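Take a look at the structures below.
In the two complexes below, subunit A is the common chain; its partner is subunit B in one and subunit C in the other.
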Partner chain A sequence: MKRRRIGAMLLTAALATGMLAGCGDNGSSGTGADEAANTAQPAESTDAAGTAEAESGDAQSDTAIEPCEITFWHAMSEQQEVTLTELTDQFNSENEYGIKVTLVNQGYYNDLSTKLTANAAADTLPDMAQAYNSWLIPYLDKVVHLDDFVANDYDNYDDIIESYRDECSQFGFIAAMPFNKSTYVYFYNKTLFDELGLSAPETWEDIKTVGEAFKTEKGMVSLGFDDMAGMLEASLRQNGGDYVTEEGAQFDNETGLETVSFIMDLYSNGYARLVGEDGYFSGPFSNQMIAAYIGSSTGVSYIDTSSGWELGVAPLPGNKEKAANQAGTNLVMFSQDENRQKAVWEYMKFLTSEEATVKWAMETGYLPVRTSAYESDTYQEFMKNDATATAAYAQADSFFSSPAFDGSYDIQSAVNAKLEELILNDADPETALSELVEAVNAETK
Partner chain B sequence: MNEKKIKSSLGTILKYVVLIVGALFTLLPFVWMISSSLKSATEIVRVPPSLFPEEIQVVNYAKAWAAAPFGRYLINTVIITVFTTIGVLITTVLSAFAFSRLNFPGKKLVFSLFLATLMIPGEMLIITNFITITKLKWIDTYQAMIVPWLSNVFYIYLLTQFFMQVPETLYLAAKVDKCSDFKYMIKIMVPMNKSPITTIAILNIIGSWNSFLWPLLVTNSDEMRVLSNGLIRFQTEAGSSYELIMAASCILVMPIIIIYLFLRKYVIEGVAQSGIKG
Partner chain C sequence: MEKKSLKGYLYLLPALIIILVFTIYPLIKAVLMSFYEGYSIINGSFDAIGLGNYKELFSDKVFRKALTNTSIYVVFVVPCSILLSLLIAVLLNSKIRCKGMFQTLFFLPYVTSVIAIGIVWSWIFNSNYGLLNYVLSWFGIEAVPWLNSPDYALMALIIFSIWKSMAFDILIFLAGLQTISPDLYNAARVDATPKWRVFLKITVPGISPMIAYAFIMGMINAFKVYNEVFSLFKSSAGPANSAITVVYYIYDKFYNSADYGVASAAAVVLFVIILALTMIQRAVSDKKTA
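Our next item is the complex of A and B:
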């Protein structure tokens, strides 16, 4: 928690330094997300992007790449790091140009984000890194535009899942390639559900039915959310509403009130509980303290069924619509050098290739980024025995990504804190709605 | 007579009860950490929690140790801690002596400037310091982790206060005996203030040992990382392997506990005298 706060402070500090530096040289190379986002003509704002444009066009794919070493900063640990290393070793030994990728583990997401912010300020960014869109805003001008690479040297961009493509081009240009993508799914204790004759809920009504059944018959809480802000956003969308934009909260209306009442009722009726000191619901869920929870599909590796129960995984329940959060970072290029940019692109092509994304998905619990990968025999075979992958695939067409703009990162933490407070105080829906709207708007204005 | 005896033994019992309760409270987190480090992943999140592991999982230590080059991390942490602590002691003693005994123009102004830097939150300085380190091309070196921490205004302020309590007459007497300032500092001031100086050393060792963000920022290779950086290897977006975090924490904290056991006399003296603790 504390580190997250430091991260936020760093971001602010970096913004401040960025502004000062901006005054120094010329106005156009300033900071603002709005500024960079408005850059309609791609590849103009920096030297890096400038070179990208210079060598764009026809010659790209057939120019040879000089052997070089590129650095990739990531935040993958445990099994994820093992698989990433295997894939990278394979690329290093197999690529025809003599490109060598060096992996650097920069800790957890918050740490990686902090490092990127600091290095953007010092102009020492790595050749490429994993990143969420919201991190990039203070230094969006340093992100290499990938449009030309995609246009000239990519086998089938349309094969990439549509919502991922949308997320990666959120700033008006292709800023990233999707990589470690996950989604939120509904994990449930199938043994207990069968005992009560219940099946996984498909609608909000079903959630209430399940909640009531577990409460009366087992005295158990049956729902939890690892990510409260993500839950609010998904619920609003499931109810046909909207969450936030740069202008502020978009849910100060009837739909918003309906959604917030639904959420608050879950908690006040004892159907759902907060995660509290457990941090993630996988722990209490493994110990059968809670009957179901909604969390990242990669969390399945932390669920332990050794005490003798069967795990069920289902897509997120919907209401008026279906909507499922997509999470996980993308690959972003920062390299300033033309040759290295090409090398990075080779590596990005490799990591997003059907073969690599299938291996990645099967070993880490992340999801493939390409439709053809989902349809491949290997992955289809894998899905037969993997409930999480099946559930994730079932909701692939209702994925949405959270909007990224200046302050979107702070909104998330503000909403998390506010929701928790409101639930603990058992606030009534009207108060809850107005306080949530206020918390969001405080960050956007 | 007899009544008095009973009273005094009752007092002793009460004293011990209070002390034992206090000790239990202080020890519990450590016991918890060690016990958790020996539990299985399921047992660690079980409710109600168990105080002692059902089945001792020594394998956690092996797993934690293998997850990152902790041996290398340990060496780096020791190097950084030793050098920053020596550096801090030298700069702190010298400047505290200057501020408390010597007279030079602008002394008050300089001292106020020093104190003013305490008002700036450390987070604000990180980016600036980081850019400086980058310009010096010190990324991934020991000096990047040592040089910025070679002096500490808070310690200087603390020690200055202690030095000022030493009577001026001692200084004048030494002067009469033709003792140089430096010799006076080494022979009189430092030995007289052994406790606060040791306290400073210990506070600095603890701080340096636990520092996380700065070493992570200025290093990029595994060979240069420190122990605290290793702890985050057990965290992903979907969960944490608490048993491994606890095992790694035990590894990380052991040397500090050993140092404390050897130096506890000074730590306690220092804290008791200055009323300030880390």
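Our next item is the complex of A and C:
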């Protein structure tokens, strides 16, 4: 009896250790095991778009994909998630290979980023995920290069908006396909603007005029930026300057000083204010506490005009040049298994197809990723009644993306904190410029 | 005899394995990682072994700020919370009406999610619509930008945390008060001892083990403050990073900056600080009881 009990305990202990050992044993999973289960699927399809044979010898039967399940980690919620699910269901039922995509909602972007990092370390990344370039830097060698897929099996890559293509190939290879893209736009309270006889500003001078008008006639602040570092970068570019590179700050010059003084003056004159406890400007903007703000085009769903005012949306004002931040994540492939890679690619092709990107854009407020999608009758019709989409499209040729490199996150958060501090202390432009440059260079070294 | 102790170890084994894997191993790993320069958790590669991460850590203004903030936080939150809790616990232990209701009320913060409470407090602190500024306005005090100004952000965090950590302290003090024999109080009453003397000479010594416990636990928890910052300042570290704490710094360095070495070095520094202070406290309280 006693012996048996000890035996049972030993067994439990052994099981426990076995389980733990199982957790630690990574790296060997993946290839081979999965497709062994379903080898019988014949290469029945001729996949019209199918195209030229892949580069290397290993992919002779290129068009055949065996049925499989692929996992897609995303951070879409509410309407975005509903539309994504609809699109995915459509793909699951319509694709001829028996590919089944499983959507896994990982919460907010931060959560998704954290989980991807942790899973990259444990070698348990999903087949694909949404991601920003900057997230990928620590595990860039686990990102599947899409160049061959694009070259051999994509209908019209040049149809993808140029700045998105640039962003996705920023690391020297195609690391992603653009998906939920947005841009920063100028939201304004049209009712109040009309009352003062103002229109949306097109230049920096106009911003000052609007600022002065609201200050003197309404006692109101008329500008805010949801993203301070993004605002600095956009302003520098609008002024014909440059922001940062891996070497450090690129704005320690006359253009930089001009830009920083423009920004600091907005705050010291009471034209603009920090977001502070509100988190995002959509709240105070909805309550008519601020007359206009610059933020992501997707923020429009958080703007509430029910207290009886009309919303206006305009492209970002420019100075010497036009420049508008592009935001939103891309689709990244991690699967190391050849068959699953092909399956993921089918799904990526589907999500970036004209039809899917138009549906996606119209229902979620994100932007289409293709020129042809913008030009389609459906989307043109939609834009007529959608001020945000119209404003976003009007600046599509001045999109830029922030470069991602080791340390770019630190620069962004250092600049955010520094700008806040400088504005709160009402620093003079020279001090502000030198401290901002110092903050950036401390991170790049 | 031997057999018996073997059996004892077997009983301990499941717990031991979990502690080894989830506590001891990460601890050792974190110490090792703090000496790896340019470490990548993805493939385990590093450039060199040395003190580079520590050098970088101590030359980082943000870390020094985090360390200062955390120290100020601990110095205010732990004693204030204990004093207030002691007061409330004694009141709750006396014969008052609706005792059960008050006990529940004071214990609520402990069982409610920090994130939820943080959101409520961020409204209490709101500079335009906040309850706190409204109350202050009765006394002619102008609206304080609690969450918008670097001068007040840490103070707001401390006020919020004192209120939050009081719940646990009140509970253990109440439990402690039940163990003090009523005879002592009766004897004091016969002697007509003043109330404050009763409090200092009977109540406080009676629950001194609980106070010591609350002090150590409170301090350890206060050094690890993170959730409170995250929820009060809407997933930031306050205006211009003014309320950043050490754990916030560690998390940010690890997950957002991918500076694994520096994050580990910061974790080790925090560990050493907490360990040292805990040992000092234990030495002091051992001396007292001995």
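As a convention for this text, the second predicted complex is superposed on the first by the 383 of 445 C-alpha atoms of A that agree within 3 Å, B and C clash if a C-alpha of one lies under 4 Å from a C-alpha of the other, contacts with A are read in each partner's own complex, and residues count from 1 in each chain.
As a working rule, a contact is a pair of C-beta atoms (placed from the backbone, for glycine too) under 8 Å apart; a residue touches a chain by one contact, two chains touch by 3 or more.
This is a predicted model, so every value here is computed, not measured.
Q: After superposition on the shared chain, which partner residues are touched by A:S77: those of subunit B (first), subunit C (second), both, or neither?
A: First partner only.
Q: May I ask you to decide whether A:A64 touches subunit B, subunit C, both, or neither, giving the answer as first, second, both or neither?
A: Once the two structures are laid over each other on A, A:A64 reaches no partner at all.
Q: Could you let me know whether more residues of subunit A are touched by subunit B or by subunit C?
A: Between subunit B and subunit C, the winner on subunit A residue contacts is B.
Q: Output check: A:T114 vs subunit B and subunit C. Expected answer is one of first, second, both, neither. What do you get?
A: A:T114 sits against subunit B and subunit C alike.
Q: Is A:G283 touching anything from subunit B or subunit C once the two structures are fitted on A? First, second, both or neither.
A: first
Q: Figure out whether A:A417 sits in contact with subunit B (first) or subunit C (second), or with both, or with neither.
A: After superposing on A, A:A417 lies in contact with subunit C but is clear of subunit B.
Q: Once the two structures are superposed, pull the subunit A residues common to the subunit B and subunit C interfaces.
A: 6, 9-10, 13, 17, 114, 117, 121, 279, 289
Q: Could you list, by residue number, the parts of subunit C that touch subunit A in their complex?
A: 7, 10-11, 13-14, 17, 21, 40-43, 122, 125-128, 145-150, 234-235, 239-241, 252, 255-259
Q: Help me check something: in the complex, which residues belonging to subunit B touch subunit A?
A: Counting only subunit B, the residues touching subunit A are 41-42, 44-47, 67, 121, 123-124, 126-128, 130-131, 134-135, 139, 212-213, 216-217, 220-222, 229, 232-241.
Q: Which residues of subunit A touch subunit C once you look at their complex with the stated criterion?
A: 6, 9-10, 12-13, 16-17, 20, 110, 113-114, 117, 120-121, 137-139, 141-142, 274, 276-277, 279, 289, 406-407, 409-410, 413, 417-418, 420-421, 424
Q: Would you tell me which residues of subunit A are touching subunit B in their complex?
A: For this pair, the touching residues of subunit A are 3, 6, 9-10, 13-14, 17, 71, 73, 76-78, 80, 104-109, 111, 114-115, 117-119, 121-124, 182, 226, 278-280, 282-284, 286-287, 289, 295-302, 304, 306-307, 327-328, 365.
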